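For reference, the structure I am asking about is given below.
Think of it as A, B and C in the order they're written, each chain with its own count starting at 1.
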Amino acid sequence: MPTKPIVTFAIVAGAACSLLFVLGCRQKEQPSEPASGSSTAATAPAPKKLLTIWWAQWAPADGLQELANDFGRTENVEVKVHQIPWASFQDQVFQEFGKNQTAFDIVVGDSQWLGRGATKGLYVDLTSWLPSAVDLKTLHPVALKYLAEYPTGSEHYYGAPAETDAMGWAYRKDWFEDPAEKAAFKKAFNRELSVPQTWDELKVVAEFFTRPDKKRYGDVLITGRGYDDIVMGFEQVLYAFGGAWSAPKTLKVQGTLDSPDAVRALDFFKSLLKYSPPGGSKLGYGEALEPFVNDSTAMLMNYFAFFPDLAKKMSGKVGFFAMPKEGDRRFASLGGQGFSISNKTSSPQQDLAKKFIAWFLQSDTQKQWVRKPGGFTANAEILKSDAFRKATPYNAAFAESMDIAQDFWNVPAYNELIAASAQQLGEALDGKKSSKDALTQMASEHEKILQQATP
Amino acid sequence: MRAVRTVLVVWFLLVATLPLAWLALTSVKTYQDTISAHAKFVPWSGPLESNPSGADSVRFAATLDAYRNLSKPVAGTPNDFYHYLGNSIVIGVLSTLAAVCLGTICAYGFSRFRIPGSKDWLFFILSTRFLPPLAVVVPVLVMYRWFALENTHLGLVLLYTSFNLSLAVWLMKGFVDEIPRAFEEAALVDGYSVLHTFFRIIVPQASTGMAVTGVFCLISSWNEFGFAMTLNNYEAQTVPVYFAGLQGNIEGVPWPRIAAGMMIFVGPIVLFTVLVRRHLLRGVTFGTIKQ
Amino acid sequence: MKRNEFRVRPRAAPSSLIGAGFVAPALLLLVAMNLFPLIFNIYLSFTNADLSGGPVKMVGGHNYTVLFNEARYANALTVTGLFVLVSVSVELVLGFVLAMAMRDRVPGKAVILTVLLIPMMLCPVVLSLFWNLILNGNYGILNQLLALVHLPQPQWLTDDDLKLVSILFVDIWMWTPFMMLISLAGLNSIPSYIYEAAEIDRAGRWMVFRSITLPMCAPLLGLAVLLRATDALKQFDLVMAITGPNDASTQTLSARIYQVVFRDYKVGLGSAYGVVILVAVIAVATIFVRYIEMLGRRQGKAEA
């Protein structure tokens, strides 16, 4: 009996101590500087400055951290690349912007975020600084346009290209080179089995490889509804067939997005789904890898950022090619992120950030960058160079893709536009609506959102 | 009739346990085997070469690699699984201790004293359980920003404590009500103070109840997702949020590692369920049904 | 001998101050963490607050006008209502049937019961992430098993009509044990002499079930239904893990709030949704408490 009260007191005391301990921890977690607490103690006598970069959780961020350590060594600064899962990257960044001081100095944000960042004063205006920091001519014009400029074409800069990306195709080289397959294809279509150059060719090849009884399928498309997956997957087909998100000068959506060309594009996109594995109408970027990796599918559409790991995992079995064309129109959906400096961080930190970005954009650094896993450059020279194109199986296709890249809206209300598009496209793919109805409704919703948008 | 009953019970047993069995199997497979279009059921420990992935065989080479890899961060994540497990443990244990202590004290007050408006207070406490977390997440977020509690262990602990308090108070009230008042009466008559009575008499007798309440509070905090995800806790992330974040992983969802992590995550819950099986009914019905 | 030794009633209520001292800490925390946010929520619902900060302006009833006219609002109500209705009824029926089957002495009953009860204690998010693997259209084990016995293999995670079914499936898998547990309690609370009396009167099986078993279980079953319904109203975890927050066929009220606040960044509108949910919750909680009181009174009368 006497032990029980002691036990109780012990528990209560333990709880109190733990609470105090956690309170003590909290002091460490909330430093006065706009930085997430550094775990590596500064060994230099003077406190090292800390530059915090937020990016999504993936291999390029690891690459950036490695690269940034070089910068840190020369400048006696610590650079920390903080990674956040893709699914919550956007949420966390914009939530963090709601504070008075953000925990990051630089955010490597999606191209679509530029509008929001610029109009709400979250991103630092780099218009006057960027041309002085780097020769703009060395940057690929497409990368500059989409990853740095807002509004597009205005030559106002709110970001600098960090990771340039575009969509391409991966294919089973071993299946394409298999003599039995080649013979069968030649017999059926009277031409060689080769990498498709046009969308129609792609469809033919996909159909050829679709054998459901043997659990084999022709193509995997990006059709996820969670974020912008299906929008990006469809965008390149839309533009290749002559459609567009809006008319170039007037920016009017209705008449362009629901034009007959656009309807043809969506119908074609739907038809490609026939050759996808079951469940292929709702595959996000990461999920789409699975039916390709498990040897079910011949061709995979995805961002180049995913291809280095794929090449490693399936070395010898996989090849890559850029988006096919329709007639003479060829487009690839743009990806990639740009460095933007947070307006809610101190001035000296912003200067440090600018220094880092300027260093990153130098040609020498970019040469190092492309050697990091998943690192893709915007440097036009490197992209043109043979050395780059031959370095990996996917580099050549990537360099081609940058010339044909196309992006989505980057206005502040982009998220609602994406959500509306994803829903309508999804319904069309699921067979609930005809392509025409889906696009018509999408166009009218876009108009409404664009008109209602309050900056 | 008997046959029907047996079939029914067996059927439900299968349905209840097969997914968990599949989870255990997945945790000992290689990545290729988990996403193979030909499902593999039978583990064998033969050499890997004689069972190439993609083949139609239902056998697969069992490996403990997934468990070993738990201590390595998944590609692109800053910490390994055990870091998040540690967060879950710290936050779970602290919030449970706080909820049980506060809850017991509060339950004692409601049980033995005439509190003005006690029925309304108890109703209020109960209703906090019905509130969807998402309905209050925004004001909580703003409040936490004022007090710099966002993104800290303490912030989540406080939140979980308050949401578990309703469970704790109602459960403990039931337990405390069952303790005969004779002991306290005697002690009070003998001149002991109320506090003394509480600690020396009530608490020991309610210790089973406190343990049971503690288990349910711990399970509730352990499994919580809504707040953990929305309060932007990149510093104090718990395991459910970590798993949810692995969904879009660039190298594909690491199923074997997730399965291995889930086995470890779910283990304590199963253990606790077995420990409190006699009080399960009371626990899940908020103390309103006693057996 | 002191007079108090023979008292059967506790002495007159001790000083409320001490009682208040016991109750205060918990109540203070609850008020700070629950009541205050609700009031703040009401305030926010009249503003145009944005998640990324910026100047906050009062906009009167604008958010409410937008809310009640949104297609997504009616959709969320429908989905939530459908979810609650179907999940609770199916769980009730299945749980009760299972309890009937488990009622008698079954070898290893304790073990079987414990095993059956495990699913409801597990983490919903973690489990549904794993169910994604099982239900996958390309390599999921469920479809492969269905193929083995030549049954059609529906696309659980992509077919619009089936997405809600998938979520219901996981929820029912998790919570049927809950209904079983309570049904068992109800069945076991029926005294055996009633059955003996019915046997003597030679009442048929169905008659016994309909006029004895069911009515006597009803109060507890009602409680179970209320408990599950209030939990199902909050449904968020399963939706997030299986379809994501913005899928029209599965967007419950909580998922809608998430989409509005964290993806569209409209804090004001999100708070308006929160207020609407709050009203619903208060209504449900009131019903619940009245029900418990009624149960308590019944039990008191039965014991008296």
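We take it that contacts are C-beta pairs under 8 Å (C-beta built on N, C-alpha and C of every residue); 3 or more make two chains touch, one makes a residue touch a chain.
From a predicted model like this one, the values you see are computed outputs, not experimental measurements.
S.K.: Which word fits the touch map of the chains here: line, ring, star, complete or other?
M.R.: Contact pattern: complete, every chain touching every other.
S.K.: Taking each chain's centre as the mean of its C-alpha atoms, give the chain farthest from chain C.
M.R.: Most distant chain from chain C: A.
S.K.: Quick one: report the Å distance separating chain B from chain C, using the average Cα coordinate of each chain.
M.R.: One centre to the other, that is 16 Å.
S.K.: Roughly how far is chain A from chain C, going centre to centre by Cα mean, in whole Å?
M.R.: Comparing mean C-alpha positions, chain C is 38 Å from chain A.
S.K.: Measuring from the mean C-alpha position of chain A to the mean C-alpha position of chain B, what distance in angstrom results?
M.R.: From the centre of chain A to the centre of chain B is 35 Å.
S.K.: Indicate the residues of chain B shared as contacts by at least two other chains.
M.R.: Only 35-38, 229-230, 244, 247 qualify.
S.K.: Touching two or more other chains, which residues of chain C qualify?
M.R.: 138-139, 262
S.K.: What parts of chain A, by residue number, touch at least two of the other chains?
M.R.: 91, 95, 98-99, 277, 290, 294, 296
S.K.: Enumerate the contact residues on chain B facing chain C in the complex.
M.R.: Touching chain C: residues 4-5, 8-9, 12-13, 15-17, 19-20, 22-23, 26, 34-39, 102-103, 105-106, 108-110, 112-116, 121, 123-140, 142-143, 158-159, 161-163, 165-166, 169, 181, 185, 189, 194, 198, 219, 222-223, 225-226, 229-230, 239-240, 243-244, 247, 255, 258-259, 262, 265-266, 269-270, 272-274, 277, 280-281, 284-286, 288-289, 291 of chain B.
S.K.: Name, in rising order, each residue of chain C that touches chain B in their complex.
M.R.: Where chain C meets chain B, its residues are 2, 4-5, 10-11, 13-14, 16, 18-23, 25-27, 29-30, 32-38, 40-41, 44, 97-98, 101-102, 104, 106, 110, 112-127, 129-131, 133-134, 138-139, 141, 144-145, 173, 176-178, 181-182, 185, 188, 220, 223-224, 227, 230, 233-234, 236-237, 240-241, 253-254, 257-258, 261-262, 267, 270-271, 273-274, 277-278, 281-282, 284-285, 288-289, 292, 295.
S.K.: Looking at the complex, which residues from chain A come into contact with chain B?
M.R.: 1, 4-5, 7-9, 11-12, 14-15, 18-19, 22-23, 25-26, 29-30, 36, 56-59, 61-62, 82-88, 91-92, 95-96, 98-99, 215, 277, 284-287, 289-290, 293-296, 305-306, 309, 313, 374
S.K.: So in the complex, which bits of chain A are touching chain C?
M.R.: It comes out as residues 90-91, 94-95, 97-100, 116, 120-122, 225-226, 277-282, 290-291, 294, 296, 415-416, 419, 422-423, 427, 430, 432.
S.K.: Sort out for me which residues of chain C touch chain A in the complex.
M.R.: Listed in rising order, the residues are 50-54, 136-139, 143, 153, 155, 157-160, 243-244, 246-248, 259, 262-265.
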